[in-house]
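These notes are about the structure you will find just below.
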Amino acid sequence: MTNKVKVVLGVIGADCHAVGNKILNHAIAAAGYEVINLGVLVPQEEFVNAAIETDAKAILVASLYGHGEIDCRGLRDRCREAGIEDIKLYVGGNLVVGKTDFDEVEKKFLGMGYNRVYEPGTLPDVVIADMKEDLK
Amino acid sequence: MELKNKKWTHDEFNAIRQEVLNQWPTGKDVNFEEAVKYHENIPAKRHFAKRLVKAKKNGETLTQPRAGVALIDEHINLLNFLKKEGEADLLPTTIDSYTRQNQYESCQKGIDESLKAGRSLLNGFPAVNHGVAGVRRVVESVDAPLQVRHGTPDARLLGEITIAAGYTSYEGGGISYNIPYAKSVSLEKTIFDWQYCDRMVGLYAEHGIEINREPFGPLTGTLVPPSISHAIAIIEGILAAEQGVKNITLGYGQCGNLIQDIAAIRALEQLAEEFMTKHGYGDCVLTTVFHQWMGGFPQDEAKAFGVISWGAATAALAKATKVIVKTPHEALGIPTKEANAMGLRTTKQMINMLKDQAFPLTSELQTEINIIKAETRCILDKVFELGNGDYAVGSVRAFEAGVLDVPFAPSKFSLNKILPARDNNGAVRLFEVGNLPFTPDLVTFHKEKMAERAKAEGRAPSFQMVIDDIYAISKGHLVGRPR
Amino acid sequence: MELKNKKWTHDEFNAIRQEVLNQWPTGKDVNFEEAVKYHENIPAKRHFAKRLVKAKKNGETLTQPRAGVALIDEHINLLNFLKKEGEADLLPTTIDSYTRQNQYESCQKGIDESLKAGRSLLNGFPAVNHGVAGVRRVVESVDAPLQVRHGTPDARLLGEITIAAGYTSYEGGGISYNIPYAKSVSLEKTIFDWQYCDRMVGLYAEHGIEINREPFGPLTGTLVPPSISHAIAIIEGILAAEQGVKNITLGYGQCGNLIQDIAAIRALEQLAEEFMTKHGYGDCVLTTVFHQWMGGFPQDEAKAFGVISWGAATAALAKATKVIVKTPHEALGIPTKEANAMGLRTTKQMINMLKDQAFPLTSELQTEINIIKAETRCILDKVFELGNGDYAVGSVRAFEAGVLDVPFAPSKFSLNKILPARDNNGAVRLFEVGNLPFTPDLVTFHKEKMAERAKAEGRAPSFQMVIDDIYAISKGHLVGRPR
Amino acid sequence: MTNKVKVVLGVIGADCHAVGNKILNHAIAAAGYEVINLGVLVPQEEFVNAAIETDAKAILVASLYGHGEIDCRGLRDRCREAGIEDIKLYVGGNLVVGKTDFDEVEKKFLGMGYNRVYEPGTLPDVVIADMKEDLK
């Protein structure tokens, strides 16, 4: 048992992009967090269950393959229903199908209840800086 | 049924077929006899296998994009655009990710939402949901050879429907569509399910219909050393041939070092010929496919054009039979059809400028060919040994043992013990050879190559090197040097 | 004064200088002593000659665009944009065509109309009209090494003004800025006028100020065989060195066949070193510039990116010290700054991906180097002989005799007897060798190469082949095959 | 002396682009016309003088280098003043500075009195077909 802050990490839906996930896992762990990495192809309920079980402070959802819009909808509600409504939800990757203006994408995902939305190609440093601020 | 690399009997195949066709309502429209007749009338210029054979004979390198959208008319439109405006020689139908996971309900949702949104909300074409008749509309509206490209661990129903509908080429394989695309599907299951697909193609062949099959060469697309993907490609070639497949395209994803990449294509051709013949599949026609850089791309379109062009140039100099083309939108999202056509035209220009130029067989190239062949042989021989002379069984055991191992693979059935990194010239080597059954010489070779780079960079070989290399091309370099 | 390849005395130079400075009112602001002091304060990072030497030492290939517009602020803006958004290592100032013809009145009209129109109506920067103070505004607003690029047969006043203003590199030469750029200006005159320019640079050198000089390598940019441009480059290098120039960049325009192009850069380096040393200019620092394809471009931007990338790749593999970059707008018009930056970024990506890759010295490459060297030697030796040991005099006589001859040149002083065409691998050969002083072996070599292609195409070598080759790249091919 | 139809060909102004000129010369001559080729760097008056001297039916003006707008203005007037106001004037090349919508360029040059205006990269066949029609 450690007293590190815990975060759940995973790639949502039918998405199998694994490389970014492995790198985020490595970087966030190296930054001093305990990462519960669910890997790829993770359904919403698995994120929520893992967060409850481990008492994680944030769920980091990745979606690379273009179905993010469909897959990510409803996660906030699910958290609420499960009694972890205050958990931070981060989402990043290539969230929608096609090259799109990021401002629009951000607005859409903020609207879905995510706390932070990251553009394609975001480097781990950026998210770690945000975690330092959000997860005290 | 026990997994073996042995041609299924008709009974074995038919025992499963009905179950497959019942997986989704559209399955019932598959009629094999009618499909054979349908194929008999497909003209040569729309026939994938025939077009490849002709290209091989003429020393051409054909261009092929990736493309697929949710709705039929939109998809037809897209393919015709890529043929006309992209001058593509071969056309794909990229299947969406829900279909790949056999989640046909989600596909339906995607189709419905796409209809509503007026744009595709799926990342590909949900062929199973569209059914034989729907897919045939595509086949009949596009005047070019067509291939199904996907990433589906269980692709039996998808295969039944698309081939019955008139597709003449089918990508995938029991290893290459599992390890990079799945997390917890066992290799026994996917190899078995892909034997089904190969047997189906074999059945068509028995009826005089030649369907091209293409194992997915690039795997995770990220720093995969040639010997790893070659070993898997050749195993999948053998598994397919055993089930009666007669026309196979083996693939390789660009690593970025010219000599290594040309050596890889040559080694692949030579080894595949050799192993296929050795195991009694000498009647199988082999061609090659070179994938333009499959890892992370630069977001800037101008830089992406540089990466695309380098892939095109290498494909042409390596004289691969076809090249799979990336687009300037690669880093950001599924390309618009215009961006896709641009990638194709850039590639075409490059190939046409290079087609009359041969890359000389230098000693550096020969050395690299020798290394790749030696490594691949180590792996293949060990797989064969582990399977007691059976590549199907051997593959399962080899992955367990780490004798086969794919870098960065999401599958829990890949040991993930090896770590690739670039050497000082940008060739992909192994920083950590894991359990690969390499000879001590080969292990030393990799160590020395890594040491050479480490020295040039004034740092010890480390995982940071691997990370730097993963980002390097997207940040405008080949080798991820420290800043 | 009689034309001789002999360093001008200060008196000889000064006798002409006043006349030159009086050619246009802005000439009077040139103050040599003050200019020397000004140069002394130019930091190394903005110093062209120094940046090149560093690149050569590090094996870098630097990128440089072409760019110039009518008005000063607009031009500053443009250059800074290309540095920032194009990541250009070296910056140019391309001079407009009126200045090149010394039509400073027309320049003024162009400046005025541009002011009115709010966009540049000139195809370059009219530096003479802007004068020393105006040009210095550019020099002081752009944090990169700057070079004047033009095409001016009589570039004496332009040189005086731009170098006094702080430019550290000056393109051109008595042959290379005459034959492709003029119609009826005699070679005696332009070689003489360029001795002036070189002597001026030599004077700066005597005062401790090193200015880089660059003969214009590509000439007409259209199927110029390497030996022709090499001979001219080396002659201009010798003429410059004799006048006291200490830092010279020799150029070559891409032909398109990889082996020939790499061989050309290697041969150029080796021959230039040899000839310069032999004639007593061993203290001159030599570097090379590779020009991306200088002939007709495809109009389609995607295809243009392919051509640009191939030039970038070849430059990197040839390890040229710098590469002059084309843009996706090449076929249509002067590029926007955005298009220019895109060409630069594509090139940068390519160079960075290839910088750690060496092209092996294969026997094919060595053969090609040998051919280029043998041809160039034939020409240079004959020029020297015709001039009775004087390259300046020899050049004039050589052009008269067709011993030097530039394909498609507009100048009536070029005999225009040679006709280049591509061989079956796309290397540029001579379909008609004209009066070039080649050995019978070399003549046979070219004949055989053309016969080989003719046979492959099933047609006799003919002028139609030349025409087909002129259009080929713009139509998406390297070799202009019959349809 | 031939009885071929004569045309004057040249590259106007301070423009030295010679390749297209040589090819046009070759192709138009091969098509049966007599070409008076003035080459590159041709001032307006030289075009007009050559046309008068040879009784040419058309002047083919090329401008590649971007100054076409300035260089080509006034040629029609000059022809009129010299008494050959009915001569056909063709113009082609890369007529303006920069990549521009060709319709605009065409309108501009038609307005200057040119009979036909050609876009960048026009092949000789196209102009020869037009000559067949215009110069009977």
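For the reader, a short list of remarks on this structure follows.
Lettered A, B, C and D in written order, each chain numbered from 1.
Methods note: a residue touches a chain if its C-beta (ideal position, glycine included) is under 8 Å from a C-beta of that chain, and two chains touch if they have at least 3 such contacts.
Computed from a prediction, not measured in an experiment: that's the story for all the values here.
Steps from subunit A to subunit C, minimised over paths through touching chains, total 2.
Seen from the Cα centre of subunit D, the chain whose own Cα centre is farthest off is A.
Taking each chain's centre as the mean of its C-alpha atoms, subunit B lies 55 Å from subunit D. One finds 45 Å separating the Cα centroids of subunit B and subunit C. Rounded to a whole number, the gap between the C-alpha centres of subunit C and subunit D is 30 angstrom. Mean C-alpha positions place subunit A and subunit D at a centre distance of 66 Å. Residue positions of subunit D touching 2 or more other chains: none.
Touching two or more other chains at once is no residue of subunit C. The full set of touching chain pairs reads A-B, B-C, C-D. Within the complex, the subunit B residues that touch subunit C are 256-259, 298, 300-303, 305-310, 312-313, 317, 341-350, 352-358, 360, 362-365, 424-426, 473, 476-479. Interface of subunit C with subunit D (complex): residues 96-98, 100-101, 103, 106, 109-110, 113, 119-123, 151, 180-183, 220, 222, 295-296, 299, 329, 331-336, 339, 408-410, 412, 463, 467, 470, 474.
Across the complex, subunit D meets subunit C through its residues 13-19, 21-23, 26, 39-41, 65-67, 69-70, 94, 96-100, 120-121.
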